[in-house]
């Protein structure tokens, strides 16, 4: 029986993958709570997409993928910041334009026959091919994120629960959000290696949203998010091993599945207390 | 340099050009609403959500357009439902569903059906391989959208401008909202054929965003967006043909560069006036 | 002369069994201005919704002898929409123009007349976002007028306006009053309310309705706002919100 649990992690590959997803989960989980609270989910998703051309170029020239992704990210962030300032366009549209363009550029570059990594790998990731140095980076990232979030805790809490007060208290709130986005960018860079360009956001938004549904208090939800993110990673690895399904996709789907369970639990809890949501069905879509 | 029009003597290029021609009005009319009402992320999400539908369409023997429509419909419904969960927010809900759709699509593509190759085409479009069936589907999408626009365009503008249009003007905003969501989904599915599930914004958002920089009326925004979509579409098509790259990506890059150029012009133009006022 | 608005025991809310407002009883004649005073959450918006027929659950009676239009605060409209003042005014005619018909000359003429009534006939081609706050508020009033509405519900129209804009707006409202419109204006400005024909104090239930001299006394205001009235230097009265929350 115990074999069933330990088999996927018997070999070195499995162990490295496990280490990677645990470290990633510790970083992405709590970050996700803030991402959801501060309504930056779109930024999280777009950041991941925007790294594609950087990744492709990096693999073309043989540079470390992390560097390429980082470069692409900086370009994207600059473009988004500039375009978003134009009132007529707005942040939503600016991000769409920047990300779509960069994504397209990445796809074109990836057509070059000299690209060693297949587009598929860059898009969907492969936690099973993670190397020792990458784990070290993930470990460093987890450390930085945890410490960073601890330092930013109060200004971020203020920004999310009382944006008016945060604004009147000055630039501190704005800087905290900027720092959060930087942490997010950093963890996305690492997550992209394991989960790929398209799915990296799963480990951030999924567990974060789930934790917020389950826990009333902020600190508790941060801890729960970390636990859930690690759980999603491990569960995904299990599914991938036993059902022979792509690992990155399994982890992403596990994260979403956990959210589904959390939403269900919350729904049942509210039903028991006689609370019923009253809201137009379409308003969330369009307002 | 090969004379630009020579490639268009080829049959598949003619079909691709026709597809662009059919998509341009959509890019203009629907793109304008998307940009005015800040629905770019939603549009991108619906596009991505069609991915699992497209994956199963071939093996299951159903028309890709129908499968994409079903997938998009499921997505929009799930999103509306999820959006009601308090404390989640529209953005997070969209991101979650998007990831779910992608994950399911990947699993279906690589493991259940054992075909990893088609994935690229699904994600980035097959404009150069457009067949009669897809053209028909796009034409139908265009007609349906034109009807919807004719009926609801004024309501969309009025309620986009003032969310309280129901109270202020007595317009039937709720039906119009549903219609807009439906039309965006239809437009997305039409675009998916050409540029792929991940790049629908290249047709539906980027030209409209560029036109928005200059438009001083909704009408000029629509016309500008449609014209840009046409130009960028054709140029991207040619580029894809010459350089042998996915056409969706070419259109996206051209569109982005066009936007960057126009945004720079606007920014530079804006400064002197600002200084004068100060 | 029968009143434009007759309300008897009007009440209602958003969920069955719970009334957000109750006991509203008032008659508003043509050419009368009514200030609706009350704390936030006290039901001013609910009252407007009830008059517009938008409330899920409505009790009591209300009779309207003219069309009603709602004029929101200008903040709620999007400043970045590429629409001109004329476009916005013309929106008032949208509800009656069937979709298969273009906006014809009659509609545009009504829109222009409405803009004229609010003093913006020379600004019809200006983009909405480029107008001043006060001008924008007036355009939204013009939009309501273009609907051929003789009863206007205004939601804090003076909020955030500077002295000059407030003055222009005030004159426009006086003009409408002279034209025979009935104006219900939700406001926070007690001082301003003294200039209206009638005042309705609303805090979930109607506290008082009548001429400002009779209604605007300390006890009534205290019951409306739930707080103490203090007198500021200069003779103005102000409300201090008490410890009771509503």
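For clarity, chains are labelled A, B and C in written order, and residue numbers in each chain start from 1.
Keep in mind that, in the parts below, a contact is a pair of C-beta atoms (placed from the backbone, for glycine too) under 8 Å apart; a residue touches a chain by one contact, two chains touch by 3 or more.
Worth saying up front: this structure is predicted, and the values here are computed from it rather than measured.
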Identity of the most central chain, Cα criterion: B
Greatest separation from chain B - chain, by CA centre: C
Winner on contact count, chain pair A-B
Between chain A and chain C, centroid-to-centroid distance (C-alpha), Å: 47
How big is the gap, in whole Å, between where the Cα atoms of chain B centre and where those of chain C centre? 41
Taking each chain's centre as the mean of its CA atoms, chain A sits from chain B at a distance in Å of 25
Multi-chain contact residues (two or more partners), chain B: 163, 212
Interface hub residues of chain A, defined as touching at least two other chains: 88, 90
Tell me, which residues of chain C touch at least two other chains? 82
Residues of chain C touching chain B in the complex: 48-49, 52, 54, 69-72, 76-78, 81-84, 87-88, 91-92, 94-95, 97, 99-100, 103, 127-128, 140, 143-144, 147
So in the complex, which bits of chain A are touching chain B? 35-36, 39-42, 44-45, 79, 82-83, 86, 88-90, 92-105, 107-108, 111, 119-120, 123-124, 198-199, 201-202, 205-206, 208-209, 212-213, 243-246, 248-250, 252-253, 255-256, 259, 263, 266, 277, 279-287
Residues of chain B touching chain C in the complex: 36, 150-152, 154-155, 157-158, 160-171, 212, 215-218, 220-221
For a test of understanding, state which residues of chain B touch chain A in their complex under the given definition. 35, 37-44, 76, 79-96, 98-100, 102-104, 106-107, 110-111, 116, 119-120, 123-124, 163, 174, 177-178, 180-181, 198-199, 201-202, 205-206, 209, 212-213, 243-246, 248-253, 255-257, 259-260, 263, 266-267
